[in-house]
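For clarity, chains are labelled A, B, C, D, E and F in written order, and residue numbers in each chain start from 1.
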């Protein structure tokens, strides 16, 4: 049996945020968080009980150690973390200040020239490709730099060849590449993808899709041997209150799965809630026989809950997610607190 | 004249909570609060200007001292705090993490084997029973352990005999006992109770009452020589927003008292808001000639305000509560800030 | 060309506030902020790119230095800060605890006998009056003490004579003077005022104006050679949620300017949001050829944003304010975060 | 029997200090402490187990309440706290930044015009004078303002007449009065004093005494009916390391008491350590039959320990002080930790 | 090859400490640390690069999860953590306040009735005993409760039988058992022990040994088949400054190893420094062919460094420890900072 | 008259440090400080009362704004700050963890590719060169990158030509360049230098000087038209306790100036204490007629005090430095606190 249920590849970042409601320009201290789209996904799946690992490159210094220690505390394996011993070694970082209406969120990226730009496929052992049931990566890794892109594309091919499911989240970031660049690159890998995460907006703006959301989702599976397409649907009522739901399409049964969205989510920290969706959804699939209904329930719940958690990483175990799902599906009033 | 207007009997607890929005599992520091259902009640009444005291047993160590110091700072008398010098002496504790929708609150109790389990009626002087106009205890004290239960029941009898009003709040906690256990035990003491706090839900589920709320409230006074019954009515719109009101029934005049509930309370910390209701209500009665209208106004206002206060204990003096009551009763717009 | 676009005269205060949601009476630490109505205005204008300075008197001690350092960090000139070397030298202070419904905000002023009460016009050089395009002061300075009042009235006259625009914000504070005192004093200076800030309530209650808001605004310009009158319109839905808009009247064109108010502002700290309005409005006028439409847009946006910023001082640069204005004027949905 | 063992009269102050090692001029938050020479003394005696109270006047606002709550938490009675309801009501404050060699400590006083300046002997009930075994006041109260001085001198006389021991600590502060003023004033009250605290330096510089310390101490008892004179001996090796000892002279037995000083005290916060000496010394006398040896041991130990406690107030109970005394007197090595 | 280099068995505790220099009785917040004698040892060895795991029982709640997450972050395996699902489940805790001369440290234990008292050997798989090269336990585990003692003794036998080295640290705690109890119990297991940690004081007071330290160390190996005996030598100059060294005796070569002690250690947190010694010493042995000189160097350095680290757990990687050892052994001045 | 007394050129950095005693690898929050060798110098001189400015390039984002705001708060002019609008714009950063014996300090630099690498002399106006009496730069700016080096060397020439004094601090950093590189580069600029800071170690190891310190200092003035050479002498007794003194050599009078060093400095944060020396020394020269004795006194005192200040920047005004100098020169005991 494979050692891991899920391996992911991606950059690990240090986030520095002012304390509650403070502004970056006036801060004299910052809370630090460790995150990264693919680490967030692996962490969410691990917290729910599956075995996961992160493939990445960290600087061989105390900040790299800080990141590794956080990875371990999430029960994500560090077997495939490699170390950058160059003089230029650095962990990518970003400063993040959350929004309060009508003030907008502020992100100051400082992730250029980081250690991930020195990653190479040669640093990873051949038996890694047989060690997992599923491999997940997002468009951010493709967009970061040529080295990460080359490594990611080659890994997708090798994991696919070794029999793993390939999961891919477009996760489009305009500050990293253009829509056209994203489209050209991603179309290279779609032939290998089994599980595809793409929001409706991205499908239209980046992949130039038209028609209804259903048409669009179905079209991806028509063009590529994709098994499952998932599209999240977030409504931002205010920076502090969102709604969240999603649609999952299963090609083999030509079925769309959806449920009532989570309304009036009290948003504490929205960063990573999209990744939490991927994590919950992949958990649902991998902990069952690819049950899209379970995937939908876990994806939506994990994302909704993540919005209430400070930092990039989720922190919900199986018990908590099942409790929230049960509440979400309950008819009638729900007691607020059991004691 | 009696030295105290109110004495209460109950466990004093240490609450440990993560800082704002953080989670227990990730915390590296905890805010500590001192609380306990009956201490909360005594504190609320004391802040409003009456003389109160708490009867309890504390461990003879620095944590017990921390608790006593907090008791004193609330102007609650420590005359009847006794000390546990055994090796097992400990202050009951609980960890509490507040909810953010759709995430639920989390309570981890660590109150077993605490010093209150070594309390005995023999530790308290006989003249204590004549020192107060009113004695209050809640169902939590009955449910905690046989020692506390025995002590509470005996004290109810002795205080009653000495001429004090007996106030009792059911405060049902499913994690401490079953509904059937609660019913059996509480029915033993109802013959001694003058002021009875019981929510509609508890009346139905625990005491197996049926009919309208009015029917239920009246029935308690029919079965027992209870003078006043109070039922709180909380609506939880979200963990951060509640409504709160109550109904008070006075047996001798066969009158129900109610007022427009507090709507859109911005909840910061709901713990202790039920106790704050008891405190405000008892203050209303004891500072007047048992005026149920005053009791209603103070009970509702004290509870509504407590929801905005971090920690278990209330912190509102008479001036503040009267100001909020005046605002609540005002017609037309109210200025937000006087300066 | 003048060295400054704006000079203001007013007291600089130290604010001490409990940390997030805590209460003054239980606090063991306080966050300190530097503020003051006129400093807040100068800071807002400076952040947007104009040259400003504050005229004030500070105690010659470490607290005065703390205040000066904050003034400098806002890029407000300290050229006209004078120092109080008396034994009584002190910075006025106030303690502020924000409101949570139904709890009211709490302000404890401790600003009596402060160094501003020893200010004298003789401490400032004659060439100061020719150094600025605009001079702004608020009614608070008039109300504080005879020394500040005398100094302010004389400065208004000298700046006017030297050719500066005179801006005046009534900023009525009942805890400093009565409406009748305010009316009598302010009517002395209105003959010198070009830009006049007065809310509808204050116009009615203090200046005893009647009729529609439009009538009232027009009447000020009829009675005095005032060019522009601005009235803010705040609606307090709850301490945590306000709406904010304003009306500006330009006498020469007999035109009223208004726009859709900012709705559902998530209020973090309302202190200084009125001053932020003055700052944005004066920036709009002074950075253009007295364009009231620009003044309206910047005034409303600056005030709306300030409500989201902890402390008395604004912190928004031109880029941020323009971004919020663009969002406010956008048709259709707006993306929450650019990344 | 008297209700109190000790009553003291003095101003209660709010101290605001930057967090550990920070500087006032750069601080954005301050730790707040409540203190005051005479409150510090009463608190120390109370913690050791005697009954004490503080006579003072507080502003009728939230800062006054904060102070009262701290008084209560120290188990010091607030029976004789009176309230200042004037518009000028304020709690005296000071900012304090501790020293680090070669940097000096920094004190910014902001205690002028405080509520204590409105104290009057008429505010206190006549039976207060019979309620205590001992009354203590320091030279600070005499120096503050004429109102406090008049009140203090009259209280000394009335307490004396009612049979209380009178304790007086010179506590000379050059920033409050001159040596000559102090001498003239204090010589008025020395005829009433039983227990007199005066350092050697103050005796020489203020009272113009000459000769050896023994000569000086004896001379006070020769000139006035003083029973006991105590002189502390602090050596400041560095701001972080002091030595502390004292000499006590008992007139009736013409005996000097001294012991080996506490060496290498790790100083965390020296403020209040002189008051802690008075507290320990008075405890020693009042808990025994005026045993000067016990007074010496407790005075020295309480002061030595106070240097390790943040804030103005001591925090040591009887157990802790006895433990430190036992260690101090132990021959041979002492185990660091019992566990 | 074995999966682990070291397994340890012991209770995991939550430590709650006031912030820097504060006192427990006045604290409103506590820093939390996870620790425990045997976890500390496993963590130290793991940080240096070997594979370790902890055998323990945790409560199945958020506090248990918090502990597990910390265990994982130290790279200590949680494969043998079992969960307590009983109603009584709790993590043992203690409150710790550090000393400042002449004030003593304060420890308030609250570890009774914890989940470790429900541990049973039946909860662990048989193949665990073959999975490690070394098993370490301390006297604390023996002293805690009969369940832990029985489990520990049986595990010692099974690990020994499976071929593991047995390491035992007496770690005598008078608050857990008497010297006589300790002696009787430990003598049962000494026949199985290979590596024995015992301080000179404990050897004399508990095991009633006499003669020189060398005699004592040798005598243990004479009576039992112990290979290596280690005795630490700490000198407490003040709570903030210690010296630390040790002696190691190897039976087979009849050799004593020692080196110049670490002088003038700036102690930040002494808790766990003895465990850090065991960790460094075991690392030295297990990473070499049982080289006592390496064990001595690593044991002393790890302990010396641990004193400078807040919390129970060490935090030094191989690079740091080697750097400190190199400095310790350097002749002549050492540069303070490389940059 | 020149507008500035001192202009400096250098990189502005963000420092991120764990809170008191914590370690980088375990931190979840960091204190942020702004610093940089030349900014530190300019700040020190500005605090003492002269006019200074910093020449640098900052990223056009919120972190750049944070840095500018700090520059302004130090009263250092931002007239010559230019902005980097490239996509790569970033503020150099470093993580710093202070030492506790025997643990070493830890510095993790993350300053590569920062905005200073895009600085060009063409960005600065020609009249800048005539605006100052003195220009200071350190070897760090030369070592950072070719762009900064080119800019610095050209500025030295232009400022020299415009008549400014040139001040240069070698400030050798082995992590930026080798000794040979430093020597070759610096020898190019020494012909322009008037005031030269070089420690004895650097003179020997980098410039390969031999003989006594006096010989070495004199030799620099023999080879180059240097007027003044200053060498600091720090002794590190432990990370928490240093001694500090210096020698200044004036070529024209062939005189060496020295004084008794500051002993037993309680070191809180040594970063920037060398720069504080330069600042104090330059203040001494520029505020007098190049009086080396004044320079010596201020240089030593400023550096000694800086060691007690958290952060990179000094915070001492003239009053404080003069007070410390007076204490340093005092005969006999010095009172610890004036109050």
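FYI, a residue touches a chain if its C-beta (ideal position, glycine included) is under 8 Å from a C-beta of that chain, and two chains touch if they have at least 3 such contacts.
Heads up on the chains, UniProt names are A, B, C, D, E, F = Sugar kinase.
This is a predicted model, so every value here is computed, not measured.
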**Message:** Spelling it out: a chain qualifies if it touches chain C (Sugar kinase) and also touches chain D (Sugar kinase); which chains qualify?
**Reply:** B, F
**Complete:** Per mean C-alpha coordinates, the chain lying farthest from chain D (Sugar kinase) is A
**Asked** Can we say the copies chain B (Sugar kinase) and chain D (Sugar kinase) touch using the same residue numbers, with more than half in common, or are the two sides different?
**Response** same
**Request:** Pick out whichever of the two, A-F or B-C, is joined by more C-beta pairs in contact.
**Result:** A-F
**Prompt:** Between chain E (Sugar kinase) and chain F (Sugar kinase), what is the gap in Å from one C-alpha centre to the other?
**Reply:** 46
**Item:** chain C (Sugar kinase)-chain E (Sugar kinase) separation of Cα centroids, rounded to whole Å
**Value:** 62
**Fill in**
Two or more other chains are touched by the chain D (Sugar kinase) residues 20, 23, 25-26, 28, 65, 69
**Prompt:** Looking at which chains touch which, would you call it a line, ring, star, complete or other?
**Reply:** other
**Pairwise chain contacts, counting only pairs that touch as defined** = A-B, A-C, A-E, A-F, B-C, B-D, B-E, C-D, C-F, D-E, D-F, E-F
**Message:** Which residues of chain B (Sugar kinase) touch chain D (Sugar kinase) once you look at their complex with the stated criterion?
**Reply:** 65, 69-70, 72-75, 317
**Asked** Which of the residues in chain F (Sugar kinase) come into contact with chain D (Sugar kinase) in the complex?
**Response** 20, 262, 264-266, 268, 301, 304-305, 308-311, 315-316, 320, 323-324, 327-328, 336-339
**Residues of chain F (Sugar kinase) touching chain E (Sugar kinase) in the complex** = 20-23, 25-26, 99-105, 107, 109, 173-175, 236, 238-240
**Item:** chain D (Sugar kinase)-facing residues of chain C (Sugar kinase), complex
**Value:** 16, 19, 23-33, 61-63, 65-66, 69, 87-88, 90-91, 93, 95, 97, 106, 108, 110, 112-113
